[in-house]
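Okay, got some structures for you below.
Two complexes are shown next, each including chain A; its partner changes from chain B in the first to chain C in the second.
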Partner chain A sequence: MIERLGYRIEPRSETTARGRTLAVGVALAASLVLCALLFLAVGVSPFAAFQSLAQGAFGTWRAATETLVKATPLIFTGLATAIAFRARLWNIGAEGQVFAGAMFAYWCQSALAGSSAWIQLPVIIIGAMVGGGLYAGLAAILKTRFRVDEVISTVMLNYIIVFALSLLLLKGPWSEAGGFFEQTAKVDPGSILPILFDKTRLHLGFLLALIAAAFVYLMIRKSPVGFEIRAAGSNLRALEVQGTNSRRVILMVMLISGALAGLAGMSEVYGVHYRLKAGAITSYGYTGIIVAILGLLNPWGVVIAAILFGALVNGATFMQIKTGVPSALIYAIEAILLLFYLAGWAASSFKLKRIKP
Partner chain B sequence: MTTTSATPRLAVRHLTKRFGALIANDDVSLTIAPGELHCLLGENGAGKSTFSACLYGLLQPEAGEIEIDGVTAELTSPAKAIASGIGMVHQHFVLVPSFTVLENIVVGTGSGLRLDMTAARGRILDLSRQFGLEIAPDRLVADLSVGEKQWVEIVKALYLGARLLILDEPTAVLTPQESERLFAIIQQLKASGIAVILISHKMNEVMRSDRVSVLRKGRLVGTVTTKDVTRDDLTMMMVGRPVAQVHARSKPGAGETALSFTGVSLAKGGRTHLKNVTLDLAAGEIIGIAGVAGNGQDELLEAVAGLVRPDSGSIHLRGEDIGALSVHDIARRGVGYVPSDRFRDGLVSDFSIAENLILGQHWDERWRSGPFLDETATRRSAEQAIASYSVMASGPDMLCGRLSGGNAQKVILAREFAKARHLLLCNQPTRGVDIGVIEFVHGELLRKREEGCAILLVSEELEDIFALSDRIAVMFRGEILGIFPRHEADIARIGPLMAGHAHGAAA
Partner chain C sequence: MIADLLETSIIISVLAATVRIATPILLAALGEMIAERSGVYNMGLEGTMLMGAFTAYIGAYYTGSLWLGVVIAMITGGLMSLIFAFMVITLKVEQIVTGLALNLLGSGLSIFWLRAAFANAGQTPTTPFFDTVPLPLLSDIPFLGPILFDQKILTYVAFLLVPATWYFLFRTRYGLELRCVGENPKALDIKGLNVAARQYAAVVFGGLMAGLGGAFLTVGSAARFVPEMTNGRGWLAIVIVIAGLWRPVPVLLATLVFSFLDALQLQIQGIGVAIPYQLLLAMPYVCAILALAIRRSHSGAPAMLGIPYWRR
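Take a look at the complex of A and B:
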């Protein structure tokens, strides 16, 4: 069809960083236009909608910190996904690992209820990493021992753990005594993540997320472990021929990835909701995949993308109150952003060539 | 050859093909007469493949025109090239293994929905009789030998009406005897007026052509009549300077045994890869393994490197059984391994030269400072390697995926030679690299040998084997059919063994 117009699409031999930025920039601008059309379709001025969105996300100190609260779990799951994808391990299981982390942390912590925060806080942090890590490690072992594709196993494990939690909460040992909802009782005050600033909800989890990002950055960029992760992402076979046990690399990457995801669960339970329930920890794993891709699998890119997503979610409520745009529209905007971004990225690898008129 | 007054079969005028800033073909013009065997000669990256891809419609040139039998041809796709009478036999065959020969040839040729298989079979039999290609139309392609598959490709091109046949390095996968058969077939093709373009860098084949066009860096250096020139003339044209001959060398030292195989066998996926291999390699000795690709050479080296475990038998490195050691432990004992597929097994393309040079040693103390990799140290050592192996690169941070084949190979050599204190396993060290690099690799291997390193060399290029080996072993279907001191080895003895004819050969 395009050839009839006198053009042909050809792959580029080389894509410059500038060309790529330009293509992605144009695509994102186009996505804003499409979002504007969506606003028009529901009868709201796009200008007012965007303005209220921004105001709701960053308009006040309180709003800005709330955006960071929303971003915190996404930083963890984005990092978890980024590190796995860097090694070309398609860990789609951050969702389940978030659950596993929260549950294992809760299990450890509930035995210590009443003790000092200096004991409980390290326990929930380490417990979350162990829980998430082990759950991801299961997929790694299935892959290295039985050649089960990690996409399949991690997705399946996501289902299993959601039902497992439901079972524990519904009639199991964790259900709140006399409670009506599927949730635990409030956690011990000594296990609650401290608030960073007065009159906000921003908690220690955000600081931990930034530390995790710095840790992941240094590890990938500078350490022998990161060397193996990056090598595995490009050519696992060469790494193996040079004497590195690829099973060890796969297990290690999944353990680290799961541990990071597990922290997201801990951070939501002990930083925001103060009880364990599915609603507190659902969907961060899947959104983390989008965050990781938008963040170019780079730790600092993940932080930025997570804050952007936090802002969208946080601003949406304000936008709904102020303009009447349904806040569910935000999910459409997220998807549009991702699709246009990916399209721009892909398009930058091609060029239009004029053939004979 | 026919007279020049006739219309040329192919006339190419001022063909230019660019890839971004790189000019792959720069104003190339040449003509080929019917019945001519025309050789395209040039180093890797000289533009031979680009030129043939333009002829076959796989690439579109920016400028220039192509005429076939005096008619301008618009070669915008392979289908149009085929319709214009151009056929191509690729280095890697494009055949469906689960189809019969007949099905492979007629697939995609039918007009409409019907295929007249009886007529097709008749034509195929006619063609194969006419050109001396013995093919049975009803055999499965999966059951054919490499040489026979190539015949199928040729018949397929002829069936489609090729008047100009492009053969891309056709002998790379053939035994010497199969190559002879191929040239006999080419004679038949010529006799019937079909023009043949032969892409090759093997001088003995080039010398059998009628004319040679030499490409260098995308430019046509010249087209010469083969009988008027010598091999050295052509090499000069191709490289642009005289090439040194391989150096004299000392007698093989009667060093201690560096490596010994005892009754090593390996079967995998229903195929025998190694069959009762027994072989001793002394320090300071080069043993060359001759054989057609896929006869167990890869597995022989991989077994020593620890990448595959033999089913039976033992391998000793300087007296120590290495059967249970990991790849890493074997490498630490002073073994270097140059794999045949350098971008699959040898290098991480997205890694810099500095990073690739420490691949596998990235936990070593000397490359670390504290918990992190010591970039100053790795970069310094990479600069040294780039200098001493004359790698054409912008610096230690250049990504290996951007290196040419020859320079990528040099990076691997730099890493593996440093590791190889006692033993070097070398698989196809000169595959796909320029004459200049071949010369360099030969020199380095001999230097390594002088240092007392034992070298096990696998190469499909018999020239490598003959130039370097102290002893030559021939492998066929996993078995060593004979071992000869170099002065007793010649093509006549080795060729039949490569094809599995063991009779009369003494080990």
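Take a look at the complex of A and C:
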């Protein structure tokens, strides 16, 4: 059609930073409009809804810190996804790796209950990284040794580990003595992540998440590992020709990615809920994928996107109380935001080329 | 108690359940097979099925007609896949990422809409659901009759689609062209045939089938919608297409294997064998990974699967 007018759509050789930022802006605006339409559809004034959303997210000091509490696991899972996607490894498994991290941390820590916090805290942090890393490493080995596509294997592993946790919790070795729900007993006080400010729930996990972001930033920018990750993302073959073992790179990226996701599970269990249950650690993995993409796969972008999403989650609860709009709305909005962003970004990577004089 | 499993009546009930459980997965897998034959990986199958399940339920609830619910589910599936097609064929966005976005959209939109529609109801209402339609004469055949010919109409449709897609792919000109789009789109383009149009059609067909498969879950059996009720069936359908080497009959066989595991699991739980049910529920997902890990042949995949076509 366009070709009859003497033009052709061609890909740009490189997308510009301006184009990407513009795409994020357009996506935000378009999602806002669609969101307003959804509010109208359920018979609520968009103005009142947005106001209560913002108020719930940032209205008070406590609300603002609560937004950061909600952002914390998303920073971890966003970083986990960003680092894998940078290497063009489609790790969809942050969801399961969050579970694995939480479970492994709990397994190690429960053996040490009663000991000093100086022992228990390092154990849960390292345990979470090992657990998440191993679970992601399984997908890496399936990919490199058995040629199982990582998208499929990580999704399947996400489903499998939910059943594994349920097996351990429901009348299993981890279930709370005399408890009715599918959850563990409260964890030992010595293993709880310290609260950063009085009268808030903001815990050490948020600080760890920022440290993780700085670590990922430095690793990608300054270390040879980061070079390999970036190179794997652009051309894995070239990396092999140059003498790098691509299997090693894939395994390494997945281990780091899984370790970061595992920390999200630890931080929710030991920073917010103080017990292990599926409801405490569900859905952060999938939301982390959106966070990573909207954060332009950049560590600091991930932090910003995670805080935005934390604000949405936190504000939505308040909005539901104030206006009666179901808070589940934000899950739809997040996906719409992602779709608009992808479309906008793709469109910004095209150019019109004149093919006829 | 294991011996109970070998009684004829139990075997018949497990196999009949296998055929029933296979229906939604088979529909989605055959649709996905057609889409992948055109070179497009629809990773948004899970979300498309989920929206199909939801809209069939809500459609049947408001219109009072099960068949209208089914039609609405198919339209929704078609629309979801149209978004997908636009994103990956026209805009050439990464297919995996777009698929994920659609999955998240399906899960978010269905939960939101369910809560918005039945905010004041303590429990979501149920709709009626399709009855089985025993085929005359055929359903009287001993053993095979109750397994194959005492099923719901959508089940017959799903199984008839196996020969239909086979005939389409391997015996018609359009099928040949579609396979060519997945293998060598340039050749088709040079002949002056529209590559994008064929890919759109294939992807939208996949969406219609995923919507239909989703509908079977609600108005076909459960009579109500539960958030995330597809529970990985869309992903299993994708695995089945790979394990089935992109061919209708092997796809059917792979579907039956997975459904048999599920049916067996239900039966084992039903007669109270002391195996933790979580192990049984996890079995299809473990088997999916194993199936992909031990398959010998890696051929059969369309050469251009997942790679957008650029005219240069």
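Just a few scattered comments:
Definition applied: the second predicted complex is superposed on the first by the 325 of 357 C-alpha atoms of A that agree within 3 Å, B and C clash if a C-alpha of one lies under 4 Å from a C-alpha of the other, contacts with A are read in each partner's own complex, and residues count from 1 in each chain.
We adopt the following convention: a contact is a pair of C-beta atoms (placed from the backbone, for glycine too) under 8 Å apart; a residue touches a chain by one contact, two chains touch by 3 or more.
Predicted model, so just to flag it, every value in this text is computed and none were measured.
Of the two partner chains placed by superposition, only chain B is touched by A:Val241; chain C is not. Look at A:Lys222: by the touch rule set out above, it reaches chain B but stays clear of chain C.
In the superposition on chain A, A:Ala231 contacts chain B only, with no contact to chain C.
In the superposed model, A:Val33 makes contact with neither chain B nor chain C. Looking at the shared chain after the overlay, A:Tyr331 reaches chain C, while chain B stays out of its contact range. Ranking chain B and chain C by residues of chain A touched puts C first. Looking at chain A, you'll find no residue that touches chain B in one structure and chain C in the other. Across the complex, chain C is touched by residues 11, 38, 42, 90, 92, 142, 146-149, 151-153, 155-157, 159-160, 163-164, 166-167, 170, 286, 289-290, 293, 324-326, 328-336, 338-339, 342-343, 345-347 of chain A.
In the complex of the two chains, the chain A residues touching chain B come out as 13-14, 218, 222-224, 227-228, 230-231, 233-235, 237-245.
By the touch criterion given at the top, residues 19-20, 22, 305-307, 326-331, 337, 339, 343-351, 355, 359-363, 368, 371-373, 375 of chain B touch chain A in their complex.
Chain C contributes residues 43, 83, 87, 91-94, 96-98, 100-102, 104-105, 107-109, 111-112, 114-116, 119, 231-232, 235, 238-239, 242, 276, 278-279, 281-282, 285-286, 288-289, 292-294, 298, 310 to its touches with chain A in the complex.
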